[in-house]
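So that we are looking at the same thing, I have put the structure below in structure tokens.
The first chain written gets the first letter, and so on, giving A, B and C; residue counts start at 1 in each chain.
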Amino acid sequence: MAKFSLYSEESNRSPLSRLWRNFKANHLALVGLWMFIGLTLLAMTAPLLAPYGIDQQHSDALLIPPSWHDDGDVHFILGTDDLGRDVLSRLMNGATYTFGLSIVAALVTTVLGVVLGTLAGINRGFKSSILNHLLDITLAIPSLLLAIIIIAILGPGLLNTVWAIILALLPQHIHSIRNLVVDELNKDYIGAYRLDGASRTHILFRGVFPNIYEHVVVIFTLALSTAILDIAALGFLKLGAQPPTTEWGAMLAENLGLIYLAPWTVGLPGALLFLSVLATNLVGDGLRKALQARKAT
Amino acid sequence: MVTRMTRRLNISQRYKAITIGAVATLILSACGEVPQTKPTSKTQGIVYCAEANPVSFNPQVTTTGSTIDIIANQLYNSLISIDPVTAEFKPELATSWQISDDGKKITFKLRKDVAFHTTDYFTPSRTMNADDVIFSFSRLFDVYNPYHFVHDANYPYFQSVGMDQLIRKIIKVDEYTVRFELFSAESSLLSNIATDFAVILSEEYAMFRASQDKKHLFDTLPIGTGPYKYKHFLRDNLVRFHKHHAYWKHNHAVDQLVYDITTNNTTRIAKMLTKECDITSHPSATQLEALSQRKDIVVDKAVNLNVGYWAFNTEKPPFDNALVRKALAHSIDFDKIMQAVFYGNGIAAQSILPPSSWAYTPQAMPYYDPVKAKQYLTEAGFPNGFEMTLWAMPVSRIYNPNARKMAELIQSDLRQIGIRTRIVEYEWNTFIERIGRHEHDSVLLGWAADTPDPDNFFSPLLSCTATFTGKNPANWCNPEFDLLLTQALDTNDLKMRKFYYQQAQEMLIRELPLVPIAHGVRFQARSAEISGAELRPFGGVSLANVRKGTQ
Amino acid sequence: MLDYLLRRLSLLLFMLFALTAFTFSLNYLFPGDLLTNFSGQVNTSFSQSQLLEEKYRIEDNILVQYSAFIGRLIEGDWGVSLSSGQTVSSHVALLLPATLELCFYALVVAILLGIPAGIITSAYHKKWPDKVISTLTLLGFSIPVFWLALLLIMVFCLGFGWFPMSGRIGLLYEIPAVTNFILLDIWLLDFPYGGQAFLDALHHLALPTIVLAMYPTTVLTRFTRDSMLNVLEQNYIKTARAKGLNRRQIILDHALRNALLPVIKQIGLQFSTLITLAMVTEVIFSWPGIGRWLIDSIYQRDYPAIQGGLLAVSMFVIFANMLADLTHSLLDPVSRNQSHGKV
């Protein structure tokens, strides 16, 4: 970089590109991002890519180990389960359920959180106090427990799980977005804007939102990692997705009986879960660090 | 100084099956130690991993196999029992018995000095006598017995075999002699008296509870004559029995017997590997391989009189139509089930009776043919199929080690002929209760025999009386079929009985209220140190002679 | 301080009100017969249901029903479990201590590991200890608890055979239940037998505690680190450094006290997370706690039990949070001035 440049180029870059620059510097975060993109693509296209159908039973090929094993078969790269179903195809399709549905749940939560959080942020007085009290109560109850309560009412099932997780994550997000909005509203430039005669909508859309959306993305990644863990945990507890749905948690629970005979049917779904949560957390962490770094410069 | 009494009972006694099949269990005796009141180390007890909570502590009121395994042979004795090898009757609490010439009177001489359990909640003042026997049996059918209506007067086994209709009265001849007077001579009565269900309870204890006005506790805090006495039951957790020091038969029972209630199959095996269990019931076929590789674990195997079946609720349309049932039966690939569910450790059913029963005659079973199935379905008026529920029992039994998996296989087979299936599962006791109320469309269930008598496969399962007591999962009541069963029971001529049962078997396969799928082989895994855990071809497990340690 | 206590107390009452109102409404929300949901008694005869209706005031308006509900809760009459036929309160009294015990040990482990780890990372900010620990916490943060439990079981129970994989204690040890906290109960026993039992109980505790402690440890590490870094940037630390104090003195004497204040509050919040994670852990390790029971009740659609379990767990979480809040404000007077209801 030129030492004697007259104009500092960097400071003229847009905040977004500075953010990207900071983010890029963190290799782990970048790896996480690639994994994240890969999983997202897989979740969208899994039924097309998968070599076999999820329920296709090969009765002549039960419990075949992965292909690198001596007894493996190249036709079933990750082996088959006890009904002769291709593990790879099931895992790929699982991405749609576990990862895809988690993204949907996290998106819905974030959108609702932004709407309700903003409403909570711009209101003051009695209404806000009641809302905060209610949030206090639900905040005290962890999301998985709340999801279990909601499942108890709605009954087990994958769709119910998604609803339950959205409802369970919502209070935390309303709360953090409200805090973001309130913090932003208290800043001087908003005060100046208000004095200029800007309307409430104006303040929100021109003043507040452009300044908090990056933080909302961080909140989204948090929601996503919680959603993945919760969907999988509920599936594992047999309260969420029911077999033969290929949700990873449910697959893990279903194959638990094969743990000695075919450990790969238990290990692989868990490993994928771990990787997807890790990817999400890496991206979230990287983003948060990049935001901090940008603030510092 | 500790005195040691070493006693050798029966050295390596090998059973060879003649009529029933093969049981290969070694019974070894070991050294018995002087009883100590307080356990000081872990070795003085045995942990048995059981697959379900006991539903009751009185075998009279239940037919659930997992419950009978835990309670029947441990807490109680029957008047007589059936020898697992010769299938002959053996004296237990009755020393001898006599049948009158017309077959309508049976007189039992009772054993003297049989002590009931002394526990925290009851101390008996006398030993067993005729009153106890009369009380135990009259509870089943006598409405004047103060305990008859406790538990809603529900005695499923006895009602399903019609024993409550059979006994006219029971007379106390003297303190140690009782006489059963019957309405008609029935060939299966003695074998029913020899089942694990027909136990002898304490009349004195019953009166004690009645005087406290706590009759409901009678079946939950049991008093019996068996080798172990009740100590503690923690639901979903454990059942603890202590040794009954005054047991009439022998004094070498272990100090403590604990049932670790572990519903999950895999967990049960894992506990076996980590030595948290000494004996495990029903290891699943998938895990047998893993177990048999271990030197410290022995897998016992016993041919068992049982059948796993797929029953339709024949009162509910469209299952009231025999064509629909036939279509469903023809759409299932049974070979695949035998391989994927039983891993080759089962016998594909050729009739409702297992091959080891003397009345067994192989039938022309429905075979896998989706085209034919579709054809039957169209004939029945369902060319586009329909939707149905398939209830899969949540526990692993001999006759069906993994009902969930079987259900999934059936589900995918049925989809091919256009039938959409929903698999329903509940916790075991709830499941049985709901099946009893006939809430299902079809169910994967099974039956393990309690006596070698073939009637045990028909009357308790498919008779009209069984429909009323909720024990008939097919909800099937056919007077013609019932007539065959009565005719078979009314005669003592083995040839004639075989003839009637043959007809009954034929009729079942023709009408298909249920599709027999397989006869399972009963497994039990035990640590190599354990001996004397008796796996029997019928009825529950007996742990009276179980020992730990090799000597 | 008194004013603060009163405000917290009113908040607590409000929360309890909302919680009980919610549990009460569950009776209506759950599928099934209202009277059965309330009482847990099925197939009642006509005269029995008359009595029950009288007791549960079904005929009256909703407010009367609710107050009757509260009355019963206080009396300890939580209904009867559908599946076991025993009272829900007896189940809760038996099972909650087991869960609390597990959570408590996990929390202790998390504090003992997490906070020092957080301090180390901040002391060596951007150096290798920081990087190693931060990566480890990220991994620990991302691992699904049930998978971790299965891996540990496969390696340590089935592979090496070092640890048992289920329950609180070897079942042959007969421990009379006094407090239902097993280590306390064993403490009350004679020595030789009790000593063996104590060791065995610790043995059983090891793996579930490690699994359960994983998540809160990582959270505490990250939180302590952030909080320490925040404090270390402040001017008084710079002053201290300028005075020539070494790193140990700065961290232990100056930074730590201030940095740990928010951590204390975080510890209280962890309790609620722990209780949820304990539900999963209990299922895997067959730990006879309230979480496993609650999940079993959901399978069995045992509505009175679900209600009772939820009420007990949520109430406990609320009290734990309140306690953390109080401790925090006891140590940090500034936080007492926070406006009412603000979070």
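Just so we're on the same page, a contact is a pair of C-beta atoms (placed from the backbone, for glycine too) under 8 Å apart; a residue touches a chain by one contact, two chains touch by 3 or more.
Note that this is a predicted model, so its numbers are computed, not measured.
Between A-B and A-C, more C-beta contact pairs join the chains of A-C.
The most central chain, judged by the distance from its Cα centroid to the centroid of all protein Cα atoms shown, is C.
A separation of 42 Å divides the Cα centre of chain B from that of chain C. Centre-to-centre, using mean CA coordinates, chain A is 50 Å away from chain B.
We define each chain's centre as the mean of its Cα atoms; on that basis chain A and chain C are separated by 25 Å.
Contact with two or more other chains is made by residues 158, 299 of chain C. Counting partner chains per residue, chain A shows two or more touched chains at residues 256, 259-260. Residue numbers of chain B whose C-beta contacts span two or more other chains: 270. Of all residues in chain B, only 38-42, 44-45, 47, 231-232, 234-238, 240, 256, 258, 260, 262, 267, 270-271, 273-276, 426-427, 429-430 touch chain C in the complex they form.
On the side of chain A, the complex with chain C involves touching residues 28, 129, 132-137, 139-145, 148-149, 151-153, 155-156, 175, 225, 229, 232-233, 236-239, 249, 252, 256, 259-260, 263, 266, 270-271, 273-274, 277-278, 280-282, 285.
Those residues of chain C that touch chain B in the complex are listed here as 83-84, 86, 94, 153, 157-158, 161, 163-167, 170-174, 192-193, 196, 200, 286, 288, 292-293, 296, 299-301. Contact residues of chain C toward chain A in the complex are 11, 14-15, 18-19, 26, 29-31, 135, 138-139, 141-147, 150-151, 154, 158, 272-273, 275-277, 279-280, 283, 294-295, 298-299, 306, 310, 313-314, 317-318, 321, 340-343.
Chain A contributes residues 55, 57, 59, 62, 82-84, 242-244, 256-261 to its touches with chain B in the complex.
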